[in-house]
Structure formats: structure tokens, C-alpha cells
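Shown next, in C-alpha cells, is the structure this report addresses.
Labels for the chains are A, B and C, by order of writing; each one numbers its residues from 1.
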Amino acid sequence: MSYYPGCTLKTKALNFEASAIAAMAALGVNLVELPRWNCCGTVYSMAEDDLAHHIAPVRNLVRVSEQGSGKVVTLCSFCYNTLKRADLLMRNSPEKRDAINAFMDEEIDYQGDVEVVHLLEVLRDDLGWEEIAREVKVPLEGLKVVPYYGCTLTRPQEAAIDSVENPTVLQELLRVLGVTVLDFPLATECCGSFEIVSRPDSVTERAYAILGMALRKGAEAIVVSCPLCAHNLGQQQPKIAEKYGNFPGIPIIYFTQLLALAVGISPELCRFDLNFGEVEALLEKKGLLPQCERSGVGE
Amino acid sequence: MIKKALVIGGGVAGIQAALDIADGGYQVILVERTPSIGGHMAQYAEVFPTLDCPQCILTPKMVDVGQHPNITLLTYAELQRVSGEAGNFKVEILQKARKVDHTKCTGCGTCWQKCPAKVPSEYDAGISERTAIYIPFPQAVPAKPVIDTGHCRYIRYMEFIEGGEEGKKPPQCRICEQLCPVGAIDWEQEDQIVTEQVGAIVVATGFDLMPIERLPEYADDPDVIDGIQFERMLSPGGPTTGVVQRPSDKQIPREVVFVSCAGSRDPEHGVPHCSRVCCMYLAKQAMLYKHAVPDGQAHVFYIDTRTTGKGYEEFLQRTKDEGTVYLRGKVSRIFRDGDKLKVMGVDTLSGKQVEVSADMVVLGMAMLSSEGSKELAARLGIATNEQGFFTESHIKIDPLESTRPGIYLAGTAQGPKDIPDSVAQGSGAASKVLGLFAQSESTSEKMVVS
Amino acid sequence: MSVPEENKDSSTVEAPVAKKKGVPEGVGKLIPVYVMGKRYEVPETLTIMKAMEYAGFKFIRGCGCRGGICGACATVYRRAGDYRLRVGLACQTVVEPNMYLTQIPFYPANRASCDFSQLTSSPEEIFKLYPELFRCIACNLCTKACPMDVEVMDYIAALKQGNIARAATLSFNCIQCGLCASRCMGELPQYHIAQLARRIYGSKIAPQAEHLVEVAAAGSSGKYDAYLEALMKMSEEELRRLYQEREMEPEIAPEDWVPNNKEYL
């Protein structure tokens, strides 16, 4: 399956990528990195006539077309959102499609024929929870987490991978892995990261609302799907402790890391050392680090 | 020209239309699908801006309908088919089997006092229960019961026996039959088709509120209720005898949040239209709440305050003066946090986010056309808009004619509106009917202005 | 000399009116080009650089190897009636009728300064020095402008992904002409960034050649100091003699060839 990493997964979020590739390989899906991919632009430009900022994501869709695969999967929620909405723009607006294709005269024309999916959709729709349940070697029982979707997986409606107000796909996956998922009403709440330069106090307040509620619900970790979520919720924790006091902190885990662990991938491959918070210590305390090791590459 | 009218819907608009046509000297058939006329107006506690008791002002008209020599009242009945044209319609009406012989029944009430089956009460919007044999409310017209065959124990027993089902036999019951002093229970009664010929039809089928489930961000929680449920709670004749108790633990809420525009004015999530009455009734409910719980605090989250009728703006100012806090902003999420409900909203006038820890939340849910209106429109051969409100011949200059000559519209079936406007439209539709009947022969097809 | 014939097509004239010194007869068709707005007639086979010199200009800047490899002569030009700016090397691009030319000494682009010895091999260093990297929107105008066919967009993408090695490899043929930066929508100085990437790669990432390390160490430890001292004290005649009598490795020599005089090894 064509796989679009996005810049952050190659720099700051190597743990997200490594665990995803290993876990999917164990589940029989080979994630093949798209050749000659470029940065997607991260934020989908909302200015109606800002075609220049749509070139970058569309160019990636051209690359997928060139591979003939018709479908591309991403991990980073922002990359998912940007590619998906760029694809929708190309499908829905013939004028803009022609303008962008004309500008990229050195590439083949993109006609809106690529399906952009997020890994959670692949897990839910292509593999299915039953099949994943069958592959679980190490049920992660006893681990209490809350899911955090961030903003770009379920907004806007046309790009949402699940219900906008009440998504459940992440919870469903985690339950299949044996994890105890706690009810978390702030799962899609804004963390404030966009205001980090203009209103940094706001960001700390928002992050505190989310993390504070997670702790009050009894969560031992917060599970995310996006490097920006992980970054912001992690970076804010020392500031929260300083500003509000009485804040023990909470580790942040990518869902692919839990998936990888559950299907028997070795913890080293999951690169917990790059996570915020003492993830390995937590897992060890819960007795969830597996005894036998499995590299996940074609067994 | 058959100078007889059919009015579909027994709410206040239909009642008014029927009375005006009947007073005009013509026969009227009033068809209502629930066991009693009265509609939603009969459910409210006090109505704005006068704070009149709605049952008190409506029941005289209901009784008039029941007693009027020119009105044939068919409750527990639904329109099935229509054919013909203005001045000469043939209609088939399904009279559902009540399983009670109304010619014998005296309305003594013994049966429904003793019936063991419990069903969520439609009249109380689900916050209390009724029995399987029931009248919807004490002032029902007719004040004679029907048996809800879907929940009657004896009917269930008969299905079990006749279907040859396996397992434990359900109880046979028949207590109502045993206790009825006049032997009015008639299990053999069947649905009947009543065929009539009429010259004009008035559609006054009313509205329903959007179900709360359509807004998942407002929590699936027993203490988040809609306006009609709160009316029943405030009503002195209601299940809590007017004591405001929150559903989860029956405690008296000290902080209540009212959310306007829940589903209205929202093309993405709900419906694009404004439901017109919520600004007023939420203000009224906040006021009544304060009257019932003087040390309680009411907050209303609003976008605008649409107070267009006579005395409405003054009423709203009074609500604010009596201590209700108005916050201009929408509510993004409501969720339970232990004992309280967290209401996350914003106050756009101060630019701050607001979080209220409420004991109970009342949602001003959007007003939709009554359930089944699109199917009814298909049977009548008239048009509706996307939300199911019946389309008028011309929205500005001919709002009470439907898209088919001879069929008229009145009340919230045509669009959201309050009680005075519904009553006015009921009379207006009646005058259209009387005008039609005043012509000596059938009219030719009128131009439908679209 | 023949009188020139009036042509309907005003863009060409048959033969030169006056004989230019040093220019052979029959140079071919002349076409008009505009330098700084003034019209000149130049032979159509010339490159921009030659055409401007034909017209009488003398390059004291913006001219280098004349062979398309030094990157000094980056030029921006227009065609009549066409709004688009085009770029190319003056020594390689052939003139076209009604070309509008201008010349600037060098296409400017911001270059970050740093203490190279303090840098690590982490991509973060490059991000800090050139935050404009993230303004790249993958428009690919840089690649289209490059006279050396370097995949500029791709090496910038590689750097954003933290892959310095790939960026260094892809940008190898860069001649630092600056045309990429001239077209960049995000105002990136691509060629400066690439140079930094190559320097970091060469100095801190690429595996060091062992023998080179050894020789360099030997040099800095003073192994060759004595020879250098001796050479510095020699007279010109002695140096000349040493040079002329030096032993050179033959064209075809076995692997293990060593000079007879092993004194300076």
C-alpha cells in the first residue's frame, strides 16, 4: 500500500513511523513509501483562490497516480487532512483543477482518482477489528488510557474519518488490543497549538483542561494519532506544572506503538525513547512488555 | 361542489379552523391521529407572553369541537387516500381500532387506573409513564380511552397463543375488561376505513421537535432535556406537580442552562431555518424556573433574541430583570463531570470562553414538521420543502393555499410559528374554505404560483 | 556592399550595413535584441553573452568560464509581448528575436553566517540557519530554472525530511548561479542551503577516507616539517633542478610502484 510519511515522521516522530511500519507488516500490509514525495504543506490553505499552496499536496497525489496504486495511507493527521482536502478540491472544482494541472506542466495531470485514507481507516475498513483481534499476541490488559483525536481527523465533515462530534474508531481499536479505554468527553477538543506564538497562555490552559481531565478520569496515558498533538501536549506539561502546580504529568503514546506491542513487535522497534513521558516504565509496571521478540519483518 | 370540509390535525390551528368552518354553517370532519385533540399546546405549562395556562384557554375550544353539531370528530384516525379535485374530493380515513366501544364507555377511568402495563407517556414527552389503556391527559377530548395494542398484555398474550410461540406464556390480564362497569372493552373491534366526500381539506398537522440524539455533542445524559419535557416538569398538572426535579436523581437543580438554537440555524449539523419560538419559550421557561426555584440561577446561551410579537420584547426584558443571565454564544459541548454537567460555551460580547457547571440543561431543539408529513404530502399530492413543512402556493401573498387547489394549510405544518399565529392561520384557512364553498360551481384549476 | 533590401518581415535584415571590425563577412541573419531598452541588431546564432559583446558591451562582471560551468553569468530576460520572465546562463542561451535583456552583477540571496566548526550533523542546524526552508511550497520553479538540471525541489524536500545525505548527493552539480533563488516563490536561497548541506555532509556525515585521515594526521604532527624547511632554504636553481629531475609515476604502472628515491616518502 502506498504510504505517505510526511516530514515530521522522518524527523521528530520516528517512533510513530517505526511502530506503524512494523505493526502493519505483522498484519500483512506492506507500507511502501511513496518515491519522490515532498512536504504536503501541513495546513490546508483555506483561502479560496490560494492555488499556490495547493500545489504541494496535489503533487504528492500525482506521485501516487504515477505509482498506479490509487490509494495512499498517511499516519500524521495533518498530512491526512491536507492531502484529503486537496484531493476533494481537485475533484469538486474543475476550474481549480485545470489551473493547478496547467501550472504543474512537468507532471501528469491529476484528475482526482486517488483515495486518501488514514491508517485508522485502513485498520477499521480494510482489515477489520476481528482480524486484528486474531493477530493480538500480547493483550494490553490493565492499561488505562484516554483517546485524543486532535482537530484534523474529524474536521471538516467532508474529510472526517468518523463522526465529527463523537468519533469512536480509536477507542474501538484500543479495545480490540485489550486496552481499557476510559470515557473522555474532551477527545476532540482543541489543544490550542495554533496559538502557541500569539497566545501561549491560552495554549497552556487548553492543554491543562485536556490533560487535567484525563488524569481525573484515571488515565495512565493519553493515546494520540498526530505528531503535533504529541508535541503540544508533551511540551506543555512542564509549563502546566509550573503554572498550576499539582500536576504529575501523563505520558503520551502513539496508537501505532500500542498496536505494534500488541501484535508482538519488540519494544525497541517502537522507539519509546522518543516519546514524552516514561512510557516504557509504565508498560513494564503493567507487565505488558513481551517476553519474546518479533521483528515484524516477514515471519 | 360538496360543501363539507376535512381538517387534518387536531392541534390549536386545526381546532380553530374546524370551529370557524363549522360556525360558518358547514359540516367539518376533524381527523386526529392521537387519541385526543389538543396537540402540543396542551402539553405546555404556561404560555408567553401572558403566562396563561394553555389547557385553560384551549380546553373550551376543545369542548366546543367535541360538542359542535357541525363537527364530526375522528380521533385515533389517519388519512389514507385522497382523490378528486377542489370541491369534490373523495377521502379514505383509517379509524384505528380503539378496542373500546365509545358508545358504551362513560369515561369513568377505572380501567386506566388499574391497568398494569407501563409505557413512556407521549404526552409527558417520555418523563413519566402511562398505561396501555389510557387517555393521554385528563382534559382529553374525547375523554374516553384507547388501548395501545402494541403494549397491551392481553393482546400480547393472544399473539403468543395464536402464533404458537415457544417459551414462557405472558400473563392474560384483561383487568380492564373485568373492571369496566359497562362492558365497553371490545377485543373484536377492527380498524375501519371511513370514506367521505369533502369539498376542501385543511392540513394542520403541526410540528415535532428534533430529537436530542441528532446532536451527539450535547451528551446522551438524562439531565439534558428538551423544551417540551421541561414544560411537563414545570406544569402543575404534570408528573412532578410543577416541582422542578432533574431526571437523574430527582434533586432540585440550582443551576440550569438553556441552549437556544439547538439544531436550528445550522445547515451543517441540523436545519438551516430558525424555529421562531424558542427564544420566547426559553425565556419563559427561565422565568418559570426562577419562580419555582427562587434561589436558582438560569443561564441562556443565545445567538439572537427573536421577540417579534406583541409584548414579547417586554417579556424578555422582564426575564433578564428577574435574574436570568443571557450569554451570547453557542454551546460547543455538554458532558457529565461527576455530579454536574459541564456546559462549554462562549460569551462573544466579552470575547471569553465560558464554562458553566450546571445541574440540568434544557435544549431549545429545532422545530421540524410533524413526523410523517412527507408521506402525508405524498398522499395528498401536495409539496413540502426539504424539512417537511408544507409548501404554500405563494409564500408572501398566498401562504395558506397549498400547491393543490382546495387543500389549505394552517399552523406549524406550514412553518414554525407561535400559538397566536397558528390560531390566526386556522381562521384564515377556514375563511379560504368558506370562500370556496361560496362559489356556486366547482372552480377551474387555479394557477399555482411557485 | 549591397544596399539592404526592404523586408516585409521587420525582424530580420539580410546583411550587415557596415562592416564591423574583426567580424567576418556573411555572419548570417541579424535579429533585433533590446539591451536595457535600446535596440541592437545581432547575429541570430550568437549566445546572449556573445551578442552583447557584438553590440559593443564589455563584461567586467557576470562573466566567467564562458563554458556553462561556473555560474557567473546568470541572466534574466523577456520576450516581446510575453509577460513571463525567463532565466538562463548568458554564455549558453542563444538569442531570440526581440529578446529584452538586462544584466545585474549577481542574483542576490540571503546567506546565513555561522561558525561551521560549532555545527553538528543534525538537520536541526540547517533548520535553525535557514528557517525559510519551510516556506517551500513545492512549486518546482527552481528545478525548471536550473541550467544544470539539478533536482532542486527534491533536495529541498530531502532537507525538510532531515535527509542531508540525499540533499548533498542531489545537489552535487550545482554551479551556484543563483537562478533557482531568482524564481523561488518562498524566497529560499536554495543554492546556499545546498552548499551548507554538502559541507555538513562532507565534513561531519560522510565516512572519512582512512588514508586521508592518516596523511592529514601525519602532516599536522610535523612529519613533513623538515622537508618543507629544507625546500624553503633552497635556491632557485636547486629547486629548478629538483623539479626537472623529479620521478613521476608512469602512465601505466603496477599497483605497487614506488619511486627509487624514497627520501621524501
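As a convention for this text, a contact is a pair of C-beta atoms (placed from the backbone, for glycine too) under 8 Å apart; a residue touches a chain by one contact, two chains touch by 3 or more.
Everything numeric here is computed off the predicted structure, so don't read it as measured data.
S.K.: Drawing the touching chains as a network, do you get a line, a ring, a star, a complete graph or other?
M.R.: Contact pattern: an open line, chains touching in sequence.
S.K.: Please indicate which chain is farthest from chain A, where distance is taken between mean Cα coordinates of the chains.
M.R.: Here the answer is chain B, farthest from chain A.
S.K.: Can you tell me which chain is nearest the middle of the complex, judged by mean CA position?
M.R.: Per-chain C-alpha centroids compared to the overall one single out A.
S.K.: What is the distance, in whole Å, between the centres of chain A and chain C, each centre taken as the mean of its C-alpha atoms?
M.R.: 44
S.K.: Per the centroid of Cα atoms for each chain, what is the distance between chain B and chain C, given in Å?
M.R.: That pair's centroid distance is 83 Å.
S.K.: Centroid of chain A to centroid of chain B, CA atoms only: how many Å?
M.R.: 47
S.K.: By residue number and range, which residues of chain A touch two or more other chains?
M.R.: As it turns out, chain A has no residue touching two or more other chains.
S.K.: For a test of understanding, state which residues of chain C touch chain A in their complex under the given definition.
M.R.: Residues of chain C touching chain A: 123, 134, 136-140, 143-144, 153-154, 157, 160-163, 185.
S.K.: Within their complex, state which residues of chain B touch chain A.
M.R.: That would be residues 215-217, 219, 268, 333, 335-337, 342 of chain B.
S.K.: In their complex, what parts of chain A are in touch with chain B?
M.R.: Within the complex, chain A touches chain B at residues 157, 163, 165-166, 185-186, 189, 213.
S.K.: Tell me, which parts of chain A touch chain C in their complex?
M.R.: Residue list for chain A touching chain C: 5, 7, 10-11, 36-39, 41, 52-53, 55-56, 59, 103-104, 106.
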